[in-house]
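Naming follows writing order (A, B and C), and every chain is counted from residue 1.
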Amino acid sequence: MDESAGWREVTAITALKARYCRYLDTKRWAEWRALFTDGFVSDTSAAGGQVVTGADAFVAYIRATLGDGRPTVHQVHNPELELTSATTATGVWALHDVVRLGPGFDLHGYGHYHETYEKQGGTWRIATSALTRVREDIRTPLVAVRLTPRLRDAGAALARRRGL
Amino acid sequence: MDESAGWREVTAITALKARYCRYLDTKRWAEWRALFTDGFVSDTSAAGGQVVTGADAFVAYIRATLGDGRPTVHQVHNPELELTSATTATGVWALHDVVRLGPGFDLHGYGHYHETYEKQGGTWRIATSALTRVREDIRTPLVAVRLTPRLRDAGAALARRRGL
Amino acid sequence: MDESAGWREVTAITALKARYCRYLDTKRWAEWRALFTDGFVSDTSAAGGQVVTGADAFVAYIRATLGDGRPTVHQVHNPELELTSATTATGVWALHDVVRLGPGFDLHGYGHYHETYEKQGGTWRIATSALTRVREDIRTPLVAVRLTPRLRDAGAALARRRGL
């Protein structure tokens, strides 16, 4: 590896994981699929899930679980990245995710992704991902997900009139 | 661009966006203003807001909307940064923000900033920023914002006595 | 400092702070202790806490306060890192932490760590850390911390049957 270009690899892997979250939460499934190696392995068994092998199987599994309409939020933090060769890397990320379980019921999860990455044809992809959990809470927001712009504007206007 | 110094640009743009959040949440308006190019354009129309042109107009607009006293939290994650020339860059950031709408009513928002940056006289500044939303929730914390240190200490002491 | 290797230092300090959070939240105390210089100083006086001097004293203090069993979440964001010499650096991080105060009572805190780092024998360590707060909320999740996998699966299955 060209030592002085390592920042490009770190920046690219950071963006890769960011797109994992963004395409998942905005349901851009074809672009999401392209982020994984074909042989991708997801292991959420330590978090109450299962092992899924193959990127196509994984994407199908997540689409069936979440559906296209259920709002989700995945935000990752605290990267621990290591370049292990010119084309391989490892990473740990802290996760905060919000998943709608039902009307007014949200699951707020906290945990860590333990991952490996591979560079194929100049592009970094996620090769394996194992999830561990620190804690999970179910919360009930007063007003449930996906506020309409009208409702949000009304709330903001109300707060402004009250001088808040 | 000196290829080997690219990490300096990425680190500086990351700090720029961090200061955007920190100065906003701590109401350091003069320092906040200095983070934007004079011609800065903010576009929150996709999130129910409007287009504001000019850094001075934008800062005035935000100050009028939030006021100096309303507590806010802006935390950004998942950077997708790209250096497009020696003095320009693009970035996408995931946002989690908390805004007080009224007593006991908080708006928790999740979305993405889509931005461009310019380096002027050695300093990176935010040139444009467009906001999209994934979801927004209104929550009611049991005890509202800005706990006094006394109340917080009392709560912690109580929990400790119960062996929690 | 070898200018072209600066990305390694930034990546290492980022991972250092990530491990600070991860080892704290997973109660890996011996590994957590190794992240600090012996003379580490923690100053949370601006956030209602106190000044603790010495890494051993600090680790003992946190273990006594949190205990081994109380679930916590610490996630950091928005890094503002600066390499001030080959072996010293400064950093500001935004913090979101969740601490269980009692059954069904969680403290959600938001603030900033203001820190210095030192490289000793090739390893970066945290030398000083001062905490300031933006706001703190107490929340009551509907179902309290540490959901069992069985309960979580039941909730997800229920939501799925309802077509949510």
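We take it that a residue touches a chain if its C-beta (ideal position, glycine included) is under 8 Å from a C-beta of that chain, and two chains touch if they have at least 3 such contacts.
None of these values were measured; they are calculated from a predicted model.
A.B. asks: Which chains sit in contact with both members of the pair subunit A and subunit B?
C.D. replies: Under the touch definition, subunit A and subunit B have C as mutual neighbours.
A.B. asks: Looking at subunit A with subunit C, do both copies bring the same residues to the contact (over half shared) or different ones?
C.D. replies: different
A.B. asks: Rounded to a multiple of 5, how large is the rotation, in degrees, that superposes the C-alpha trace of subunit B on subunit C?
C.D. replies: With C-alpha atoms aligned, the rotation comes to 120 degrees.
A.B. asks: Using mean CA coordinates as chain centres, what's the subunit A-subunit C distance in Å?
C.D. replies: Once rounded, the distance between the two centres reads 20 Å.
A.B. asks: Taking each residue of subunit A in turn, which ones touch at least two of the other chains?
C.D. replies: Each of 4, 6-7, 10, 77, 96, 139 in subunit A touches at least two other chains.
A.B. asks: Give every residue of subunit C touching subunit B within the complex, in rising order.
C.D. replies: 3-4, 6-7, 10, 47-48, 65, 70, 77-82, 92, 94, 96, 100-103, 105, 107-108, 110, 112, 134-140
A.B. asks: For subunit B, which residues count as touching subunit C in their complex?
C.D. replies: Answer in residue numbers: 4-8, 10-11, 14-15, 17-19, 21-22, 25-26, 71-73, 75-77, 96, 98, 106, 139, 141-147, 149, 152-153, 155-156, 158-160, 162, 164.
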